[in-house]
């Protein structure tokens, strides 16, 4: 059980602090404009030169000085017109109120705050920033590595990923057999695992991914199946036709697998690492397995040509906080978590990239086209 | 422990079935084009007039007849060139292969299939359909009730919700104190719970929502705060300026609360139900509490003016399958689940509605403007 | 948009139905004992020989007949003493009230109900049943295959898993490199990923799993490391000393790997399947990858020696509904989902098995000891 | 984009550091015993008096000095017998290797580590510690406040909660209408929401909770229903018969509600706070709404009678990390998260408390009995 010491009131700042200032509440249930907002931490209020702790502490409330000299923490709605309410914003004692945050938060900046967690679906997703980073990477010839899970292939997101490949935003794609299988089933049969893009299940659909795999195995490789017209669109088609390298690594869950899949895990790691050592950015979407595998082999930094260091921007997208936290707990601390549905992520990210590009002057656009 | 009976092979369809047809595999690890794809269910193959069960059953594999007359289930990759592989798509015995699905799926249509669950983040989100439904509701003067949780207010989604209000897609909004508090804090201070739209935490930010509440309490109501210029934008501003009715119901978690909040739960239910009985559609976003409360008081159907019945379209958006499942488990079985981040949902839904409207002929657009 | 037809009131059951019976409420806000509890489905009440739909339908409420002859759905709390409230339990019209469930639930048994979802953390976990099944499997010489994720190794669950191995409940264990790595790190250093069993992080702990792997690589195999005293306890130790076969399959996420790991995914599948074809029960704990891989190669049924069929009991434990749903959506429909923390699951399951064994007569216990 | 400075190599510790020591690998794929385990942070190795960065940085690997003088980060499995591998554990340069953690982790203790997140299902659950804290609270006459969600009532957990109430571990219980409704339905009908303790759905079960509520409303209060024999067991029965105070606060989701429910949210907050100000410990189980409401009104500390301060032990149990993170993000930073199924939590916690009590000398047990 953790115990605390009271602050040292002989320290200069506290010893010379003024009394707290109290102002009457203007109406029942209404606080003075600059009321002091309480926290749930040990709090000391200077009254008549003495530091006192108010009764019934809680957060989100006001400090009320009763006529009998007692000091209370009270919800704003319970304050009556004329009640004396402490005012001030400072929590360091300089206005007569000291919040003993150091007792709890010795490690960091020592302030009580909300929304301090790193990974939460409640955090805003800064698509504009991510779009800008992606465009900058492309403009300076960076090597963004995209790591994708199968959720990216279902319905809409597939087209959006194709767009990123076609427009030069993907240095390399690392994925598993399933991403390619679903993508190729979608190209050949219009379904993923027998389900249409509207979520309907087709008759005998459970065998369609096996039929898609079999067609590619018969042809010998994904590239061959693109060339002979078996695969006419989609992610793998875009990689092949735009010369974007891809690594498909195998797992025990694989059906087939497709002929391009590296089934030995160590050979697969070596193939992935050849891209990881070149990476200047990483986008990890909807896959714990491949994201953590890639995170394991990525440095947390990029060494620029001039020898300076910068953080390797690492975006991890998943519908659960847990996957991002797990990635960080496995050492990829630099990962920035985006907690959302992978398909919606791709759609909006593309939208923001398109908008950003549209706002650029024509000259810049021209130079990109030749890049 | 559930046991099964073998099928009745004297039944006409099975008694008269042909033998299964076997075709040689064209190459090592490649199956004949129309190979039979196995399931994990009891399977019977007619060979020489007799129904036999293959050895080592599993799904996603082929049926191989060995020269010694034994019958095996084997992964495609293990099949050798020339191996005899069963072909056919039918699972009802009509091509000599019978899958005993009835043993397992007596209740439904009796087919083995993938992706049969109702609620999963893997299901496609049909934004085009939802956009069309919303526009149709508006066009025929429907009363779509929107039920919103605070996640909707953080950063971007707030603007998108305002757009739906301004453009006539919201019949009524049902929410709690927090939605309005965050929205008003965003209007006055540019933060939600002290966090900026970029996710940064501001100095002394933990008190800002209390200061926002206090300002509205001082003015007496949200509408008054809109009129006197305290609140200049956002969801509540849009409701007030566009005469969209809202119900804010209280909970024990509330700070403040705002003066408009109905703090008695039963009075709150009565206020909500006045809108629920008029609802022709329901959109429940990012709130288990308010979604289930509303679901409890919604009929599953709408009675049209001509007396015909239709299902009451009920969309439930949450980042977790669990909330949708829970809503259904509480009786709102008609809910259609959308498993994604609420902010991304709002952004894309608006995009699809805008696209759909843009494609309409000018005359229709004009008529909407007067609606 | 789905529309419905009203029921056929000329059908015999409805044509001959009696009028609904109404009874006065005994007090304000109190309903008669056998009140009819409404659903949110289209409902028809026979009054004076005519079928009528009540106004303001919703679930969890009462049917009230007003003196003016109008019929309302009303919450119990709003009913006044003496109000006429419909009574009866039947929803098929036989007591004058017909709930048109067929309109919505054509596929199944056509009743409105709560808690109908298959996979939810709200479903009870029947540990007693699972304990009984496990003991029965052991008693009749079954072959229960356990598939384990690394969550099983952290702290307490490790000991419980050892207990199941030592006591003959594990036919074979299928897992990945990480399960064995964490387990062996725990045996050698007392940590998993550098974290103690109390959750504390040790100095330089990030390298401990690599040091554990290196020690086993130096010795040549896990069995060798058990024999030479490097590994003195834990899951792998128990497998080796109790001759329980294990298959460790590799993945791109692996550190090391340990020398026993099969790094080729297809060789790994073949090794797993040698156990899958013998399985008479499957327990899949805290691993989507290995659970789905195993599910893919399991039949949904067991063929007994006498030729009869029974369902292959398949228990899938995960802290998220999603993993169970995904397993089912990949075809392992027979899986029974247990939504909880894997460690707590193991602890309680063991407790129930121990209790069940304790209640058996001594003779039975003796026979087990020789088994 | 964050950029970093290289460390200051003129600082005393680095300027006087020795060269790193390299030792030959004993076999292919086996590292020397005390190998240096890499991180993904910028790393500097002193060779020949100069600080150099190795090529191809990644974590979980070794530092290899090639005969040509180049320095590489290499996975252990790729190291060959005789390769020169850096040894040492220190990361501060004192053994010739400096990990530039300060570049990334300025805020905290500046070490690369795994498993550093605060809230994760991967963290061990220290039931022994929690059991000890609960017993200590009881022994010194503390006031542990339990806040419960309805998940606690389904099946087994109900009995365990009753045990804690009966044995003096519950100072007060704060909950909503649903907890009491499910508990009372279980006592009267043996079901919760019409589902049996084995998870089966009963005929007409959807109305049973309404019938349970109606019975209590007819009697006037829960205590009256206990006294007249309507409620014969369960949580509410235990509270009434053991004089444990409870507060049931209302919400818009409530059916009924039960007569004891405080339907006004502000009156409910006031009632809850009367217990919160006395709380010496808080156990928040399976309820975001009530947990955050209670957290809002709890101080983060307890003032002992002698004026010393200690942290107010706050345990938050939920099956999702998100609820715990949200609670912390709302200011209840002192909460300790337990990520598991609430029912399993209760069962195991009780087990540990019973064990701890069993190990105490008889005298202590006697004194408890009179407490």
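So that you can tell them apart, the chains are marked A, B, C and D in the order they are listed, and the count of residues begins at 1 in each.
The criterion applied here is as follows: a residue touches a chain if its C-beta (ideal position, glycine included) is under 8 Å from a C-beta of that chain, and two chains touch if they have at least 3 such contacts.
Please read these numbers as outputs of a predicted model, since none were measured by experiment.
Engineer: Looking at chain pairs B-D and A-D, which one is connected by more C-beta pairs in contact?
Structural biologist: When A-D is set beside B-D, the one with more contacts is A-D.
Engineer: Need the most distant chain from chain D, centre defined as the mean of C-alpha atoms.
Structural biologist: B
Engineer: How many angstrom lie between the centres of chain B and chain D, each centre taken as the mean Cα position?
Structural biologist: Chain B and chain D have C-alpha centres separated by 31 Å.
Engineer: Roughly how many whole angstrom separate the Cα centroids of chain A and chain D?
Structural biologist: Measuring from centre to centre gives 23 Å for this pair.
Engineer: What positions in chain D touch 2 or more of the other chains?
Structural biologist: Those would be 39, 59-60, 77, 112, 114-116, 121-122, 193, 206, 255, 257, 266, 269, 296, 329-331.
Engineer: Flag every residue of chain B that touches chain C in the complex, lowest number first.
Structural biologist: Interface residues on chain B, with respect to chain C: 1-6, 39-42, 53, 56-60, 75, 77, 103-105, 107-109, 112, 114-117, 119-122, 133, 266, 269, 273, 276-277, 296-301, 303, 308-311, 313, 321-322, 325-326, 328-334.
Engineer: Note which residues of chain C are touching chain D in the complex, please.
Structural biologist: 26-27, 29-31, 33, 35, 37, 39, 59-60, 76-77, 89, 91, 111-116, 121-127, 129, 151, 154-156, 193-195, 197-199, 201, 203-207, 209-211, 213-214, 217-218, 255-257, 319, 339-341, 343-345, 347-348, 351
Engineer: Chain B touches which residues of chain D in the complex?
Structural biologist: Chain D residues touching chain B: 193, 206, 249-255, 257, 263-266, 268-269, 272, 289-290, 292-293, 296, 320, 329-331.
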